[in-house]
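When the chains are written out, they are named A, B, C and D in that same order, and each has its own residue count from 1.
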């Protein structure tokens, strides 16, 4: 049946229940909830409207169920927090009461209203009423949907072989799932393998890591893909198709790691693993405990570049004949159910801080270099020697927060540096008790279990903690001794200290290549640049994309313990999915209205998921529901209204627009925000209590690509002063690239507006990530000037926009 | 020394004693007795039995028999084996002989001791495989391209098939030259009683070895006074080079020098010519007072002998000169004899080949030629008639 | 940079014969070089090596190796080598010759020696033409190639030598170009240690004739061709090992164990002597 | 790995690749240029001197670059070039 029929036929028996939530004072603090409830009762088809303190509480949920049964409610609206938080909760409530969960709608009067208009109760209340009106208008047109169930492949992909990836892989493998562990480097082990000792227990890092590494190497359920990169991730939760590039080692598995080859290799380069403090050859193994132990040839360094072997020294030295320059790269195609992103982090490069002279003064080194230096297996055999004269210094200074908590580096705290320095200072004391050690800090953050004790111990051992970072380091050109100059902010006095060696306690930063994984797994990132979790509190290891989970420093700076904990959590989350063996996907997919389709293929061209096939003989297209991810850019593109989106139909969106513009439209901004970025950004603005004008009415679409020009035109036709279309940044789009279509459409609209002499500034396009609440707030603020400048004539003119179009 | 009784158990190299055997087998046994330990060949009538017998015998006594893909390869392999220090031979007939000419030239140029048995049949081309002939005599002398001297022996009995094969090897080893045994189908297939001497009574010659130790200056083709260079072989450490190209005494190619060409080719000829006296063997019968002489070789010589006997019975002073060594040709012997006789009768199983050599040597003395082609050899009376004829 | 020191492979060469007669950039020198290196690395007793060659440019190689050596008639080195090897099994008998010598006039000997699995090593310098006689077409001349006897382009199909060798029963078959010196040396070493008939084809450059007439004027250009076109495909199907302007399939194609003629001969002799 | 390696490795002296000596037998060279063309370290260049055979033998551009891979010797058709390890006892 067509939408119109279904609407008219519904009108008679529609019974809508509205529940307005106080959320304690979170909402009630700045919105008159009773009044909103009373208002709701006056809306068409609303048979009952109530306000209560916590709708999400058990009583709140029970109440809704009871009402659905007793009052035969067939539609429910809850006006409370963001649907991104509690929609699942209330949908479940409806379901339990026998009501199809797609007949439920939320009005976000907390994040989008009370929290962002804390001091304008009246305007906030009025906005809340609008939001409820919009929700009621939409809910009236909602239709029951059945969710399709898709099977889940019982295989997991773990990206990154650091301690987090190792833990996640082992947990999943031990649970009995097949795991592909993909590591970029020649060996797993990551940062932890480079570190000498771990805090606060002071046990040898590699000693506790190595066994886990070899477990990974031996595990029957783990396929270890080192020296490999993920090229492509297609598909959806439970059914990913992943392409992995396995780069050749040029040494076969038969390598016994006897090491005869490396010494004869004529070319050398600084060893990355030892942060350049030691040398390696073109054929090498990064470190003694590497897994796999198989050697590898660095073809960029090796003399045998192209199709010829000029140098055969290693080949000759290899008794087992395991060297084969003929091995070609191979691309593996994997069927994957769940993905764990454990790609880790980079360390801050302090070279940019000229005043500390790193890369200028030989005796200024980073904490990572220190780890290699103090490590018994390291380039100096564990002797703390200064590069300038290879002597053990009598005094050492640590400088904290290098690259952290500062404008010059990163604003955030890197979490591990304080404890790492304390640990390092104790290591020095342990070997060379007389060494004078200064630690220059901003604050010492010893928040974790056993941290404070270690801190105390360091002080007892005589490590001097000085608050106030040096402003600069001056080197004595002859002796290469270093003078630290700064202010002790506790004693309020300037210090000028001479030390033999300075260790910069460098922070942790997102990997430079994060954007690749981000694009592949359609992840979002916080302003810090680390990957964002689906929910900071309730889904801390889930990525926004279904079936993808986060672990380790890829998500945020953390120490080994937290990385391992998070890894196990991620593994558990992934296991839950795979144990169920199937997953229901939201029924928000495209739907073909076959009669209208002319087979023009416009939709097929814009679909990011190739979910639309063309059937030339029938002059129609056909939709592949399993492949459809529900962005809706197809229906926005269709010139003949032949495709619509379940749960976001044209009619439903029109209804919301109309509701939003029912009263003094000429003062209002109608904002279309995509679910994953802009809408989440607005939520974030709410959570952060960023205040902005009350006259914006946000309509949620899954993707900005859903926003058809006709919606914008409808808003103007209804007399709206301004329209905002907001979506994800390019590259962040949850639907790969659907937002490129958004851009095209808005540009078309701008042209049209100019043609008919409308001020195109009344239509704004903004890219706002889930983390950019600030940006949303400021955009709305800026748009006020436009709203104010719009004249009655312009409004009238724009009302005719549709007819002219 | 092995006695007849133990001979049954242990395979003997030399099967001494009196035995009844065929020409081809006798040839093979002769080769073994002479020290031949390598045979490469290709089946061809009427020489096949030599190959077959070698195939049976060589493995017994630690030698190698190999059947090659053709006679070109057989000849090449024989040269190779000889250069590896083993006495080597091959056996064939007309068509195969033609194929061998290429590498016979190589053997001549590289002074390779080896023996080639040609059991002659009727040609040209495939001709009459099972019929006798003496048609390859000139090919033996001139068949390969270039200038050279070779040695060829013509057995006329099963006993000689044994004896002359031994001698062929001895000459090859002495002069570093390929030596032909020019037998024919009849001698090859004929069965007769022969006597094989005890091993130690059989004269064996082995090639001269270099007297100098290996060195970078070693000259593998530097001749002694007899113009024959001592022969180093592969594996002795001399690291010498040999080539079919014109070469100097080091064995290195000298492809542009006239001097080198003259020097080498002259010596290759002279080492045979100047040793003629030691090489050539002729057999005379009743020649001392003969007025008519018959010159015959191979199978033809047998009929010739009885013809001469019959003539003497009739009071005609006839005699026989049989060149055992066909090449180099016994020119002096024939010339001397020619001066004493009135006429010379030459029966040959061809259209006239050795007869030309006889005529050349006989000068004014008239020479009557008796050709013969096909199945039957000459009958004694045919030759007798010719003798009577010249007597008139 | 000094000149006093002698070349490390001097002892494998007849010093008084070097420099060799081959043209500038000719692949034959590289083949000789790799052969010397192989002997050096295996440190074989040079008194037990015999190098046999046929006629043609590469035929001169036997004149340069400081071993017992024989420069036979055209096409016959393998037949000659048969005699040497059987007469003195202690010797390592290596035949180094050209494509015309081994596969046109000498083709019959090659296939039968391979069939017999005679214990010799055959190294073929394949330069696609008859070089010594001035650049005539031969059994390996590529289709359409210009030679002095194919002035309108070659209309004969070329032999695929590795396929031929494999089909005839060789126990080791490899093909390299003269640019693959390291691999070539390894293959020669393998062949020298292998029991039975081994064959190595070396795609070699004749810049003076083949190169010049087929728009690769310099030896470097021909080496560049080897570099760009060659593709290592170990143990791939020999019949598919093509040599075209765009693709030269190289590598080891066959490496199998099979009783050699020499071994069977020894066993037969033992049997025979026991019978008696 | 991100931190740019800028230091001289502490073991730089220990694992210093051996110094090479390039030997050219000038008058054997026929001037094919393979050694120059295929040297992975571009150690060689054509000299402008003319040898007995009337060609320009190679000349060492920068001996320190030589990694002693020995390909020049391996690819030379004329046994005219080879490399040896410099005896650095007397320091080089």
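Note that in this section contacts are C-beta pairs under 8 Å (C-beta built on N, C-alpha and C of every residue); 3 or more make two chains touch, one makes a residue touch a chain.
Quick caveat: nothing in here was measured; it's all calculated off a predicted structure.
The chain pair with more C-beta contacts between its two chains, of A-C and B-C, is B-C. With centres taken as mean Cα positions, chain C sits 63 Å from chain A. Distance from the chain B centre to the chain C centre is 38 Å, each centre being the mean of its Cα atoms. Centres computed as Cα averages put chain A at a distance of 100 Å from chain B. Averaged C-alpha coordinates give centres for chain A and chain D that are 53 Å from one another. Looking at chain B, one finds that none of its residues touch two or more other chains. Residues of chain D in contact with at least two other chains: 38, 71, 74.
Annotation for chain C: residues 179, 182 touch two or more other chains.
Taken pairwise by the contact criterion, the protein chains fit none of the simple patterns, being neither a path, a ring, a star nor fully connected.
Partner chain B is touched in their complex by these residues of chain C: 14-17, 46-48, 50, 52, 60, 62-63, 66-73, 76, 79-88, 90-91, 108-109, 112, 265, 268-269, 272-273, 276.
On the chain B side of its complex with chain C, the touching residues are 9-11, 37-38, 40, 59-60, 62, 64, 66, 68-70, 72-74, 76-86, 88, 102-103, 105-106, 110, 216, 234-245, 252-253.
Looking at the complex, you find that chain D touches chain A at residues 1-12, 14-15, 17-18, 38-41, 67-71, 74. Looking at the complex, you find that chain C touches chain A at residues 179-180, 182-183, 186, 227-228, 230-232, 234, 251. For chain A in complex with chain C, the touching residues are 306-310, 312, 315, 326.
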